[in-house]
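For reference, the structure is listed below as C-alpha cells.
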Amino acid sequence: MTDLFWPGDERAGDVLSDAALLAAMVDVEAAWLDALVAAGIAPPEAKADLPGLVGAADVPGIAAAAEAGGNPVIPLVALLRERVGADAVAARWLHRGLTSQDVVDTALVLGIRAAARAIRQDLDLQVESLVALVAQHRDTPMVARTLTQHAVPTTFGLKAAQWLAGVLDAADAVARLRFQAQVGGAAGTMAAAAELAGADGARRLAAATAERLGLEDVPPWHTTRTTITRAGDAAVTATDAWGRIANDVLTLGRPEIGELSEGTSGGSSTMPHKANPVLSALVRRAALTTPQLAATLHLAAAGSVDERADGAWHAEWATLRTLLRRTCAAGSQTTDLLAGLRVHPDRMRATLDAARDDVLAEQRSMAALAGADADDDAHPDYLGTAGPLVDAVLDRARAHLEETP
Amino acid sequence: MTDLFWPGDERAGDVLSDAALLAAMVDVEAAWLDALVAAGIAPPEAKADLPGLVGAADVPGIAAAAEAGGNPVIPLVALLRERVGADAVAARWLHRGLTSQDVVDTALVLGIRAAARAIRQDLDLQVESLVALVAQHRDTPMVARTLTQHAVPTTFGLKAAQWLAGVLDAADAVARLRFQAQVGGAAGTMAAAAELAGADGARRLAAATAERLGLEDVPPWHTTRTTITRAGDAAVTATDAWGRIANDVLTLGRPEIGELSEGTSGGSSTMPHKANPVLSALVRRAALTTPQLAATLHLAAAGSVDERADGAWHAEWATLRTLLRRTCAAGSQTTDLLAGLRVHPDRMRATLDAARDDVLAEQRSMAALAGADADDDAHPDYLGTAGPLVDAVLDRARAHLEETP
Amino acid sequence: MTDLFWPGDERAGDVLSDAALLAAMVDVEAAWLDALVAAGIAPPEAKADLPGLVGAADVPGIAAAAEAGGNPVIPLVALLRERVGADAVAARWLHRGLTSQDVVDTALVLGIRAAARAIRQDLDLQVESLVALVAQHRDTPMVARTLTQHAVPTTFGLKAAQWLAGVLDAADAVARLRFQAQVGGAAGTMAAAAELAGADGARRLAAATAERLGLEDVPPWHTTRTTITRAGDAAVTATDAWGRIANDVLTLGRPEIGELSEGTSGGSSTMPHKANPVLSALVRRAALTTPQLAATLHLAAAGSVDERADGAWHAEWATLRTLLRRTCAAGSQTTDLLAGLRVHPDRMRATLDAARDDVLAEQRSMAALAGADADDDAHPDYLGTAGPLVDAVLDRARAHLEETP
Amino acid sequence: MTDLFWPGDERAGDVLSDAALLAAMVDVEAAWLDALVAAGIAPPEAKADLPGLVGAADVPGIAAAAEAGGNPVIPLVALLRERVGADAVAARWLHRGLTSQDVVDTALVLGIRAAARAIRQDLDLQVESLVALVAQHRDTPMVARTLTQHAVPTTFGLKAAQWLAGVLDAADAVARLRFQAQVGGAAGTMAAAAELAGADGARRLAAATAERLGLEDVPPWHTTRTTITRAGDAAVTATDAWGRIANDVLTLGRPEIGELSEGTSGGSSTMPHKANPVLSALVRRAALTTPQLAATLHLAAAGSVDERADGAWHAEWATLRTLLRRTCAAGSQTTDLLAGLRVHPDRMRATLDAARDDVLAEQRSMAALAGADADDDAHPDYLGTAGPLVDAVLDRARAHLEETP
C-alpha cells in the first residue's frame, strides 16, 4: 500500500489494509467453519479452503457491494458461497451461527494485533537506540530551555532520558493490549450456535475459534468497545512520545541552534542547499492527527446502543485503520530518526558557554542561600542530579529489554 | 475507488483520490509551464503535454518516493523531467519558479472545488426533495418529542422544515467557499519567478496560472490556511445537517414507532427478516467522524510557523481528503435517503391520538390562563403557527433554488 | 471572573459568565413578558421588573437546582415567580408561551453577541497594529524558513502580512455571524403562544421579543444548530490566526534567533534572568484547545434528534462558554502581543547575511536558466514580488478598516 | 462549586476546583519546605504553617496575577512570602529548589488522585448495583435490537451484563492509574536542590516530599506527560461506559418502547405531564464532550518540547480539570441512574411476543440446517448461551468487588 496523501504510509506494510482486512475476515470464517466441522456439528464435507477462494482482487467488488447491508460481510459470505459452489455442503454451513459483527470485530482485532506487533517492535528498537544514546551522552552538557528561553544547564543524556521514558510508557501501554475474539451471533446470545450445538457446545465453538486465531476467548463485547478504544489510546500514547522527540529534533536542528540533526535529510524541489528534517516533520504530522482519531473511537464507544449501534460501530473501522497505520508508519520513521540522529556536543557546549552567565543565576542565588560561593570550578553540581536521574531511566529501560522476548 | 473500511466510499467517485491528486498536481505544473511559454519567458520548445505523461499507474512509485522529501512533488517533477526527456527544453523549464507547496496546495484546492461541486449538487437535490416533502406534509400531524418523551403536537412538515433549514445552512456555507490558487515560490516572495520575469511579470504568471485552472488569483496563503479550514467547516456543516436527518429516521423508524422508514433497507448476514436503515446508519457514521477531522485542519492551521510548517502542513492533506470524501459519500447517501423516504401518517396519527391526553396538557393550561376552554374541536391552533413557520422555510428554500444555476 | 487553571481568563470579562448567562436568561423572560403586555395578551398588571429581581448571588442556588430538570430555566422561573409574589399577575404570565430551550438558546445568542463584539474589537485593533507593522517593515529583509531551515530571503513585512491576512480572514468570519432569537415554545410550533394570541399573534410576539433584544427574528432553530456551530467555527478561525502569530514570535524569539521579542515578558519563579514570551505561550495554549471544543459543538449539532435532543443540546452550553471565553482572552492577549512586539532588524540582517550563500542558491540557478548572471548587486529582485504582495494585503486591510464603523 | 452551564457540576464537589488547586499547590510547597527542614538543609526556624496562610479568598488575586508569569505559582509564592513576613526565615527558604512546574504538576496529580477516588467509588457502587440488576434479570426475556430493528430474543440480564463489562473495564483503567510526584527543579536536573543538599540529598528531598504527599517518587516527568494522558484516557473509558448505559435507558425509555425508565424523572418548564430522563441525558451529554478533552491532553503531550513546553503545558490544566470534574459528575449521576432504574419486564415480554414471528426467523433457519424442527416449546435455547455469558460477567464482577478494599 501507498498513499499519495500520506508520505511514508508504505512503512505500515499490509497492516489493516483492505486486503489484510479481507484476509482476516476470511480467516475468521474459516476458523469458525473448521470449529463447526471439528466439533461434529457440520459434516466433514463442509470443510473448505476458504482463504484460497478470495483474494485482494475481490476487494473492489466486495467493497462496492458492502453498502447495501452496511458492512462487507454479507457480500463476502455470498462470494464465498458462490466460490465453493452453491450446492456445496460448505455453502450451507459457512457463517452459520456467526453474525457480521463477529466477523468484522474479530478481523479488526487481528488487525490490531498485527499493528501492535509492528509498533512494539519499533518501540523496542527505539529503546535500544535510546539506551545507547542516553548512555553515551549521560554527561554531555547543554543548555536546558523552558518556554523557549535558556534556563539552566542540563545534559543531553537527561533530555534523551525523557524521550526514553515516553517510549517506555508507550511500550507499557501496547504491552497491556489484549486480543480478544468476538463471537456472539446475531445479538450476543449465540442463539444460532446454541441451536446447532447446545449452549455449552456454542461456547466451545467460540473458544475453538478464538484458539485457532490465537486470540483470547471472552464473552461477546459487541456493545462494550474497550477493546477498540484501548488500542487507540495505546497508539496515541506512542505518537505522543514520538511527537515529543520530533519536536526537539526540529527545534534543536534549526540552523541557528544546530545541536541535533537528522542523519539523512530531505531535499527541496527548488532549493538545492536545503537539508530538511523530513522524518521529524512527518512524525510530528502524525502526532497532530492521532488524538482526534482516538477521540472518534471513544465517541463511537460512547455511542453504542441496543445490541449493535446504528452508525457508531461503523465509524470505528476506518478510524482505527487510519490511526493504527499512521502509528505504524510514525513508529518506523522514529526508529530511523533515532538510528540516524546526529548529536553535536560542540554546538551544545558553545550555546551553554555563551549563556553561562544567565543560566547560572539560579545557582548563584542558591549558593548564596546556602551561605556558599558559587564557584564555577568547584561545583560540578550545576548539573544537579542529572546523572543519577539518567541512570534511573536507563535501569527501567534495561529491565524492559530483559522482559522483552 | 472503493474502501473496504468505509462502505459507500465509491459514491465520492474520484474526488481527492490518489489519481485525482496526481492529475491535479500535473495540471498545476502544466498551467504554470503554459504560462511561462505564453509570456515568452520560456521558449516555445518548452511546451509539453504534461497531463499525457503520467497517470494513475504512476501513483505507487511517486507515493513511495514522496517520503524522502516529505511530499510527492519532488518525485513527480523528477518523473515528468524523465518522461519529457532529460535533454528536452521542457525538462529545464518545468516547475521553474514554483515550489512543492504551490503544487500541493493548488492541487488540494482543485480537489476542494471538485468536492464542493459534488456536495452542492447533492444539497440542491436534497432541497428539492425536502421542499416537496415539507409541502406534502405541511399539515400532517404527529407528536413532537423532547428529551425522548412526547411533548406537544407538531406536524411532520415542521420537522422536515428543520431538516431543510439545516440543508440550506450547509448550502450557504458551501456556496461561500472560494477556490484560490497558491503561487508563491520557495517562500511566498515569488523570487525565482521574479528573477525570470521581473516582479510584475511574476505576478502576471501567477494570475495566468490561476486563470488557466479556473481559480481565483490572490496573494500566496502558504501559512494562512483559512482556505483549507473553511472547506472543512463547510463540509462539517453539511454532515451536521445530514446526521440530524439520519437520527430522526433511525429513531422514528424503530419498529415500536414506525413513523418513517427507508425506501430500500439493508439485509442481515444471518437474520432473513431484518430490514435495516442502512443509509441512515452510514450517514450518522460520517457525522460522528467529520468534526474531529475538521478540528485537525484547524490545529494544523494554528500550528503554522515560519514560511512553511514542519508537520502541520503535511497533516492537512490526508485529513482533508478523508473529510471531503466522507462528506461527498454522505451527501449522496442522504440524497437517496430523502428520495426514498417513506412517511407513515397513519402511525403518526395513532401515536398522537394515544398520547393526546398528555400532549394537550400545556394547551389546556394556556387556555385556562387565557380564560378559555380548551375545546379539542374548536382549537386547530394546537399546532400553533406550525403552518406559517413551514411556509417561511419553504420560501427560503425556493429562493435558494431560484438563485442556483 | 478569574480562573486559576486558565491564566488570563479575566480578560474575557463577563462574557458568558454564570452571572451573564443568568442576566441574559432574565432579559429573555423580560422581553417576552413585555411583549405579552404590549400586545395586550397579558394585562398591564403583569408587568414586572424582572432584571431587578435576581442577580449574581442567585447563581449557586439556580445552578444547584438545575439538574433536576436538566437546565437552569425551571428553577429560574420558579425563583422569579417567588420574587414577584406567588399571587402576582406577573407570576401567572411569566414564561407563558416559552419553553426552557427558548430561554437558554436566546441567552446563549446574547452571549455569542457579546463575545463576537469583544473578538471583533480585538481583531480590528490587531488589523491596525499589523497595518503599521507591515508598512514599517515592508522592506526589512530577513531569511525565510521552511521546514525549520533557511530557505530564501524574504521581508518581515511579508511575514507579518501573512499574519494580517489570517486576522482579516477571522474578522470576515466573525462579521458574518448572525444573532438570531429562538422562540418556538415547547416544540417549535409556538402552540402555547398561539393559544394565547392566535397564530399570527404568536409570530408577532416572537418578532417583538427579538426586537427588544436586538436580535434577528427567524423561525425556530431548536434542532438546527448552525447558529451555534458558526460561532464556534468563527472563534476557531480567530485562534488559528493568533496561534500562527504566536508560533512565529516563540520561534523567532528563541535566544539563538532573536529576531522578535515580546514587549513585556514574564518572569520565573526560580530563575531571575528569565524573560519568557508568556503572552505567546498563552495564545498558543488557547489555539491548541479551541478546535476540539468547536468539534464538540458540531458533534452536538449532528446529534440533534426529535424536537429537542437528549444530551446533545446540553453539551453545547459549557463548551460554547469555554470556547468563546478562551477566544476573547486570546484575542486580548494577541492585541497586547502585537502592540508590544519588538522587531530586531539587525538580527534579521545578520542571520540573512550569514546564510546568504545558501539562500541564494535557488536564485543563481534561476539566473543561469534565464541565461543571466546572478549578480548580487544588480538584482534587488531576490526579494521577488514581496513588496507588491505586501501592498495587496495592506489594501485589503485598509478596505476592512474603512468598512468598520 | 456550581456551574450554571453544566447542571450537576456540584456532584464533583471540590475536585480540581480553584480552591482545591490552590490548596494542593500550597500542600506541595509545604511538603517541600518540611522536607528541607527535616533534612537539616533549612534551619528549624524556616518551618511555617503554609496551608494556614492562604485560602479560597485568595484565589481571585492569585488567578489575576498568574498571567504575568504564565502560571499561578509565582504570585502564590510571593503571597506566601508576604504572609510569613518578608523577613522571616521561611520566606527565604520557601520554594527554594522547586520550579513552578513542580508545584503545578504535583498539585494536578493530587487533583487526579481525588478525582480517581471519587470515580472509583462510583464505579464500585455501580458494579454492586449492576450485579444485583443482572442477577435479578438473568432470565428476563426481551427483544435484542441491532441497527434499531428487532433482531432475536435476548435477556435484559445479558444487556445489563454488557453495561457491567464496560463499567469493569473502566474500573480496571482507573485502578491502573499511578500518582507520581513531579520534583525536578528549573529544568529537571534538581540543580538548585543539589546545590543545597548535594546530588543524593536532592533525590532524598524529592522522595521525602512525595512521601509526605502520599505520592510515588519517580524521576521528573516534566516533558513526558503520560501521567496526565493516562488519567484522561481512564476518565473517558468511564464516560464511554456510562454513555452506553444512558443511550439504552434513553432509547428503551421512549414511551413507545417503555421497557426501562428512570426512577425520578425531570419536569418541564411548560409541560406538566413530562417526565424526562434527565440523568441519562446529562450523562450522555458528558460522554459527548470528554473524548475531545482527552484528545487535547494528548495533543499537549505530543506538543512537549525543550524542558518545558511553550503553551502545550499550559493547555493541560483547565482541560484536565473540566474532563475530570465532568467525569466525577457523570459517575455520580450514573450511580443514581442505576440505583433508581425501573425495569418493565411486562413491556419487554409484550414487545418480544409481538415480534416473535420475525425474531425467530434465524432460529428456524438454523433448526432447518440442523435437520430439526424449530419447536417453540421445546427450545429454550432461543436465548442461546445468554445465561452462562451473564454468569461469566458476574464472576468477573464479583472478583472485582472482592479485590476492592
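We just call them A, B, C and D in the order they show up, numbering each chain from 1.
Here is the rule we go by: a contact is a pair of C-beta atoms (placed from the backbone, for glycine too) under 8 Å apart; a residue touches a chain by one contact, two chains touch by 3 or more.
Please read all numbers here as calculations on a predicted model, not as lab measurements.
Taking the mean Cα position of each chain as its centre, B sits at the greatest distance from chain D. Comparing chain pairs C-D and B-D, the larger number of C-beta contacts belongs to C-D. We define each chain's centre as the mean of its Cα atoms; on that basis chain B and chain D are separated by 36 Å.
Averaged Cα coordinates give chain A a centre that lies 24 Å from the centre of chain D. Chain C and chain D, compared by their mean Cα positions, are separated by 30 Å. For chain C, residues touching at least two other chains, in rising order: 70, 145-148, 151-152, 185-186, 192, 250-251, 266, 268, 270-271, 276-278, 281, 284, 287-288, 292, 295-296, 299, 303, 310, 362. Of all residues in chain B, those touching chain D in their complex are 145-152, 250-251, 253-257, 266, 268, 270-278, 281, 292, 295, 299, 351, 355, 358-359, 361-362, 365. For chain B in complex with chain C, the touching residues are 70, 92-93, 96-97, 101, 144-148, 151-155, 158-159, 161-163, 165-166, 169-170, 185-196, 198-200, 202-203, 219-226, 229-230, 233, 236-237, 239-241, 243-244, 247-248, 251, 287-288, 290-292, 294-296, 298-299, 301-310, 362-363, 366-367, 369-370, 374, 379, 381-389, 392-393. On the side of chain D, the complex with chain C involves touching residues 2-11, 16, 18, 21-22, 59-60, 62-64, 66-74, 77, 95, 98-100, 103, 185-186, 192, 246, 250, 266-271, 276-278, 280-289, 292-293, 295-296, 299-300, 303, 310-312, 314-315, 317-319, 321-322.
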